[in-house]
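The same chain A turns up in both complexes below, where it pairs with chain B and then with chain C.
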Partner chain A sequence: MIFDPNVILKHLPEIISGTGVTLALWIAGMLLGILIGFVVATLRRYGGRLLDVPLGLAVEVLRGTPFLIQIFLVYYGGPFIGISLDPIPCGLLGLSIYAAAYYSEIFRAGYASVPHGHVEAGECLGLTRFQIIRRILLPEMALIVLPPSVNLAVILLKESAVLSIITVPELTTTVSAIGSQEYAFLEAIFLLAIIYWVIVEAAARLGRLAETRLSTFRFAAS
Partner chain B sequence: MTLPAISVRSLVKRFGTTTVLQEIDLDVPEGKVSCLIGPSGSGKSTLLRCLAFLEEASEGMITVNGEALGFFENAKGERERLPAGQIRAVRAQIGMVFQQFNLWPHMTALGNVSEALKTVHKVPKAEAEERAMVQLAKVGLANRAGHYPSQLSGGQQQRVAIARALALSPKIMLFDEPTSALDPELTGEVLNVMRELAAEGMTMVVVSHEIGFAATVGHQISFLDQGRLLFTGPPSEIFAKPRHLRLEQFLDTYLDRGASMLA
Partner chain C sequence: MSFKLFSLLVQASVWTIGISAISIGLGFLIALGLSAALLSGKALYRRPAEFFISFFRGVPLLVQLLLIYNLLPFIGLNVPSIVAAIVGMSLCTAAYQAENLRGGFESVPKGLIEAADMVGFSPRQVFLRIKVPIALRLTFPALVNEAIMILKSSSLVSVVGIVEITRMAQDLASSTYMPIEIFSSAALIYLVICWAVALAGRYGERSLPGAAK
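This part shows the complex of A and B:
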């Protein structure tokens, strides 16, 4: 079997479109996941047991079951409870919720990393809870939550390949189809690996850059 | 006789089933320095934290310049919680200084001192920083305004923390073991700032192991042991002729450690 780059060149437009869908879903899912995850962590921290217990349970279930099964359930099970979603919105929803569960745990650890005295100092000076979160807790936890957040982003990108099973026209779906169509499975799989790896590498570099910039905030010491 | 700056009545504080403060009655006179002394675990820090409303008393009342702090007694004589805004308003009269400084590490000294002016009092940035600089100058750190807490010594950090509390012009300053986390060499600079404050007539409540400071700067000394306030009086009475056995034992441990010149 000879590796034939012409297969790739021939289908370049589809590959680019598939990569675009993957990137878009990944970034949107990640941002939504960060947002929801932060809200969940905050509600669990300040909302009392009434919110903490059910949200904690939801997070455990989402973290304890495979993404493949979650996405299956939403896509094929959704219509039974009246939620019929097209592949792309369904994929985005699934990815966001899955990401939110993990991000909420990262933020929970972030909250816990800030010494309580820093919060008390804010309370004594009359800052409201919201001001304390925005001005003290979030900036202080930033350096703590950044490395696991980048790590999770990388995992999410790779998990997004699972969305191919609900026919989201993303990278894995597109390239596998080309592989079957052209009987060029090796080329297809090889290309897939390369593209994912390049995106992961770029994301990791961005993350490291952000980390260096944040740590020049000079507050790592105290 | 003027109204006390802070008045504590029948205060009880429990953590779970442990009672850490029992039936505390205390008047903090205005414009004077009140010191809380006592062995570790006597409840002095907890009492101070109740005054700052960082801990909520389980029973009893605290009034600050005549206004109820946190809880009030309604017409039926029941203890009722005040609304959050009201609590913040009363707390605004009080400045707090912590043992661990609790400066915000991501802000410069100037940022720490001007933060509450900007976010709570909505003072424009330039004016807030100007006012913050006045406070930093007062604690002798105007030239460190741009430094982050990690770039300052412990004594400097604590002075910034004092400036941060002073920036909001509190009527009362609470100090929770302000020098206990410092090298002995650095305690002096913090105590000097506190002496100056006292000389200006600031109402202060100080929890401290610095018996020397209490004896020389304090106007009123309260001795706590095992959650009870055993004795309140002027330093001359407390230190010169400690009539209470437990107080005498407590002071002896200090004399042993070279503070005998105070006796």
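This part shows the complex of A and C:
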């Protein structure tokens, strides 16, 4: 095996576009997951048992089954119930729902971590429920939910590689295709591993930086 | 969906459970070595262990499996794909378990170690009778979590051609044109296995010595 850098240079545009698809799917999936997860956690907290029980069950199912099975169900099962999705939208849908299940649990723990007295104090002052969430619960839980959220973000980035199995043109798909095309599969997979490693390390560092920033801010405020 | 199809999926779950169990076990042994290296205080041991952990936690399991599956034959080891799958999963879980164990060893209360020193325990006895039992007790919940993660991740070994639940479901779905029924059943089987492990974990936690009463 002789590692030929020219092969990489020749396919650089494809590698960059694959990286772009991975990053775009990751960030979009994460943001949608955070949004849906927050709504789910809030509905479970304030919606009564009628919402809490079914949503809790859905979260349990999503957290107890492999991502790959969920993706297969949407991608191959979808057309049978009239939802035919191309690989990219299907991947985004799958990733967002998967992320939402885990983020909702993070937000649920976040809600539970805020002392009840603070909420009662807000009620006594006549704040509406929305104001209590926005002014008391969200700022207070921010520091609690940040570390697990960063952790989950890294997990999601790695899970997005699974989307290559349903032929989403992301990083894993692109680089392994180059590998087979150039008869240099092993080198390609090495390159792939290194690209992921770099992105994951960068994301983890960014997360740690955000944690330090946020904690000093909190310290100054209190 | 017929009972026969469902029973095929259940039979395939033996592979899922077997591969996961072996990987967790092997991973635990590797993790013991890694955590010892991390805590040795010598850069010579610590650095390679940190490098290993960073790599296996930073690269998707799917990519690791593809790497090992193609690397082993390249370095002259023509092993069946099941071995590649187990090696890949063990190395991956070892990296996660090593971090857990390190945390466990670090949170053994100092006072207990000092007390053991005072009553004349040798360093070896301190390690075997104080540090190891307490660290294992502390990291047990994390181990159960990791086992559940590995059970779910084991669906990825389907890409190297091992007919466990996911691969069986794929094959059945393409031959019967009933993907919804088949993949839902597969999901249900995973769910039952994960719940069983979680339940066993909770039971184990209560019955281990030193459980919170």
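Keep this in mind: the second predicted complex is superposed on the first by the 217 of 222 C-alpha atoms of A that agree within 3 Å, B and C clash if a C-alpha of one lies under 4 Å from a C-alpha of the other, contacts with A are read in each partner's own complex, and residues count from 1 in each chain.
Following the convention adopted for this analysis, a residue touches a chain if its C-beta (ideal position, glycine included) is under 8 Å from a C-beta of that chain, and two chains touch if they have at least 3 such contacts.
Computed from a prediction, not measured in an experiment: that's the story for all the values here.
Judged by the touch definition given at the top, the superposed model places A:Gly126 against chain B, while chain C stays out of reach. Put chain B and chain C next to each other and count what each touches on chain A; the higher total goes to C. Touch criterion met: A:Gly117 reaches chain B, while chain C stays clear of it.
Contacts of A:Leu68 after superposition on the shared chain: chain C is touched, whereas chain B is not.
Once the two complexes are laid over each other on the shared chain, residue contacts for A:Ile189 go to chain C alone; chain B is not touched. Of the two partner chains placed around the shared chain by superposition, chain B is the only one that A:Pro139 touches, whereas chain C remains out of contact.
In the superposition on chain A, no residue of chain A contacts both chain B and chain C. Chain A contributes residues 115, 117-118, 120-128, 131, 135-136, 139-140, 217-222 to its touches with chain B in the complex.
Within the complex formed with chain C, the residues of chain A that make contact are 1, 60-61, 64-70, 72-73, 76-77, 80-81, 158-162, 164-165, 172, 176, 185-186, 189-190, 192-193, 196-197, 200-201.
Of all residues in chain B, only 52, 54, 88, 91-92, 94-96, 98, 100, 102-106, 115-116, 119-120, 148-151, 161, 164-165, 168 touch chain A in the complex they form.
Interface residues of chain C facing chain A in the complex, by the touch rule stated above, are 54-55, 57-64, 66-67, 70-71, 74, 148, 152-156, 158-159, 166, 169-170, 173, 179-180, 183-184, 186-187, 190-191, 194-195.
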